[in-house]
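Heads up, the next two complexes both have chain A, just with different partners, chain B and then chain C.
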Partner chain A sequence: MSMFPIASYTVGAGGSYGVDLSSISQAYTHLQVRIFARSAGSIADHVRVSPLNDQTPTNYRCHYLYGNGTSALSGSNQTTAGQIGFLTSGIPYSTSQSNTFATYIVDILDYTNTSKYKTVKAIGGWDDNNVSGTNANVSLSSYVWMNTAAITSVTIASVNNPMVQGTRIDLYGITSSGITGA
Partner chain B sequence: MAITSLTRNSIQNPNKYTDLLAGNSVYEVSSLVPIATITATGSQSDLTFNNIPQGYQDLLMVGSLRTTYAGATSGLNITAYYSGYPSTVQSVTRLFGDGAGAGSNRYTTQDAQIIGDIPAATSTAGLYGSLVWHMLNYSNSTTYKTTLSRVACDRNGAGTTFLTAGLGRYTGAITTINLSTFSGSFYYAAGSTVTLYGVKAVGQ
Partner chain C sequence: MVPIYTQTVGAGGVYGITFNNIPSTYNDLRIDISARSTSTETKLAALINGDTASNYSMTEVTAVGSGTPASARGSSNTYFLNFGSIAQNATANTFSSTTIYIPNYCGSAFKQIIIEGVGEANQTAAPSTLTAALWRNTSAINSIYITGQGFNLAQYSTFTLYGIKNA
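Right, the complex of A and B next:
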């Protein structure tokens, strides 16, 4: 696997909801989004990765498995207006252990393929030495985007409140091999 | 004269150009760069990466591991740290499944992150557990260190898979990573390997 950086965004002192990344190169086979995030708000929050060329909530579906330090739980949801895209399972917020950020790695496979619906997988989470109790969790998730369009631009942003300084979002392109067959 | 062969070593500054044409092309080098590999000798209770270079953005570690503990499995403990770092500041939240059910637990205020189990002496010979471990922002001096790891330990009729988020409550840049058995009486089995990679940032 060869992985190449495409774009990076770091939240500054004023905080920010995130970033719109446009004109994503179509030269790669897969995309990887690497997220290091914390919310400035006082309620639980998530980071969403949303292809900008589809704002239809019912086109996104997720199944997830997560552990909160006490129980393993699973669920499924379809996005709603205002939460469109592939949502991570949660990031630390103001009452969590200070200086603590969640890490998520989101893989978008075959993002340029116009014959396939897009399948996305993510792992990630955070621990804060039990300060947040069961709000801190680690998860693995799968998503589908019921649209065959190539992904050319995405929004990567928090849902409820701005993210704090130190939050970082990186987009990488992953190439495949030109070698075919045995 | 036609060019019939060309090697990377024959090019001055090979990281700079994608083609041999005069112009403005820039050669793209993969952002995933191997730093070091450790192969266990069979007499080491710790596998340690020292003097980790600070020139990358993130770290990735991939391993194939087994111990000589006199049982079916033993715990895999990882500590990423720097000289003078505080003790008992490691914690983890784990998600795991063993084929019969799924569960989650947590370890707090530890000296190492206890991230999963790997095969040990009484497991079938040739079985090694697999490890993928991430740390983003390892050289950042203002944030605590979050890790994300997967450990797979399938033993053909038994086994457990783990997904773990870990926290090191310190802000110093990471210079050392230690994989410990927490024992002087058993070791990482010969054939165990672990490789550390650096992940470059945009513009590096």
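Right, the complex of A and C next:
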């Protein structure tokens, strides 16, 4: 087996903005975060996944490719404070279809490698039978963290409002092989 | 998910990497690629079982960091994976992030391949892709070769092949 659960966080009654996961084991090669989330707020919201130890916007550059059922768009920006590590498709909110959560799979390859800047890649989104219109979408989003330091902690949190009970965040460590197969 | 093989490019770079003798004991394959090029060219190519004939096709949605994404379809290609590394002259220490999924790689159908990739290099114009590809061959996959399209892969580029078994 190569994919090992490191941490799991489930939002309870009362809601929560998310979690800071620190002291991440350096024993793995890659990290994967799996997110199942919904906002308690009344406006469209986003989840961000970012290294906890660096919240300087100029150390990041992000891009996105997404579709919302009407348009397909792509873009780039140097993130602003508080929006570092955006997952572009957002998450459902209070007036979205009930019992609907967004799903994301976030990969961070070579997170301990001190010869590389870290690229975070996320695929995911949500559909709610057109209740939320173009606020529901699917995306491939990414950013580079321009730091060769190993990632030892991450913040996974909503931006505008707390997330509801039932929201789940899982962090996995993925190992590599000692055999080349060459 | 089990790591089968990992290759890390050493100093001096390498033209390509090959995963040979892929065991047939899994159901699906996954390949994670973190790559950088030794030239200004960035697109990788991949071959299955050494097949260099026109047995591949791809449907792609691609973006370059702004504007309307593009979609293209290519048939009768001699490789798959038209994406995948960061240029030599891009911001230092940046590497692409690409994942390839090949479900049912030992099955008797043609092989469907899904690719998601991003090339973050602190630039406005950074590529991303969602690609569906097909290898029109019913043979089990026993080797995969990944190379730059006319360039070497740079030091610290990594390639890991995983086997995924169902319940």
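We take it that the second predicted complex is superposed on the first by the 176 of 182 C-alpha atoms of A that agree within 3 Å, B and C clash if a C-alpha of one lies under 4 Å from a C-alpha of the other, contacts with A are read in each partner's own complex, and residues count from 1 in each chain.
Simple rule for what comes next: a contact is a pair of C-beta atoms (placed from the backbone, for glycine too) under 8 Å apart; a residue touches a chain by one contact, two chains touch by 3 or more.
Owing to the predicted nature of the structure, the values given are computational and were not obtained by experimental measurement.
> In the superposition on chain A, see if there is space for chain B and chain C together, and answer fit or clash.
On the shared chain A, the partners clash.
> Give one of first, second, both or neither to describe whether A:I84 is in contact with chain B, with chain C, with both, or with none.
A:I84 contacts neither chain B nor chain C.
> Quick one: classify A:I169 as touching chain B (first), chain C (second), both or neither.
neither
> Under the stated touch criterion, which partner chain does A:L21 make contact with: chain B (first), chain C (second), both, or neither?
A:L21 contacts neither chain B nor chain C.
> After superposition on the shared chain, which partner residues are touched by A:T103: those of chain B (first), chain C (second), both, or neither?
Once the two structures are laid over each other on A, A:T103 reaches chain B alone.
> With both complexes overlaid on chain A, does A:H30 touch chain B (first), chain C (second), both or neither?
After superposition on chain A, A:H30 lies in contact with chain C alone.
> For A:A7 in the superposed arrangement: first (chain B), second (chain C), both or neither?
first
> Identify the partner contact of A:I156: answer first if only chain B is touched, second if only chain C is, both if each is, neither if none is.
Neither chain B nor chain C is touched by A:I156.
> Just chain B (first), just chain C (second), both, or neither: which does A:N137 touch?
The first partner, chain B, only.
> For A:T119, using the defined touch cut-off, is the partner it touches chain B, chain C, both, or neither? Pick first, second, both or neither.
Touch partner of A:T119: chain C, not chain B.
> Give the stretch of chain B that clashes with chain C in the superposition, choosing among 4-12, 112-120 or 148-156.
Comparing the options 4-12, 112-120 or 148-156, the clashing one for chain B against chain C is 148-156.
> Which residues would you name on chain A as touching chain B in one complex and chain C in the other?
In chain A, residues 1-3, 65, 72, 74, 123, 140 are touched by chain B and also by chain C.
> Taking the complex as given, what residues does chain A use to touch chain B?
1-8, 34, 36, 65-72, 74, 97, 99-103, 105, 123-130, 136-140, 166, 168, 170, 172
> Could you pull out which chain C residues touch chain A in their complex?
Contact set of chain C toward chain A: 1-7, 17-22, 32, 34, 61-69, 91, 93-97, 99, 116-118, 120-126, 128, 130, 156, 158, 160-162.
> Per the contact definition, I'd like the list of chain B residues that touch chain A in the complex.
Residues of chain B touching chain A: 28, 30-32, 57-58, 91-97, 101-106, 108-109, 134, 136-137, 140, 142-144, 146-148, 150, 163-167, 169, 171, 199-204.
> Using the touch definition from the top, list the residues of chain A that touch chain C in their complex.
Touching chain C: residues 1-3, 29-30, 61-65, 72-76, 107, 109-110, 113, 115-117, 119-121, 123, 140, 142-144, 146, 148, 174-182 of chain A.
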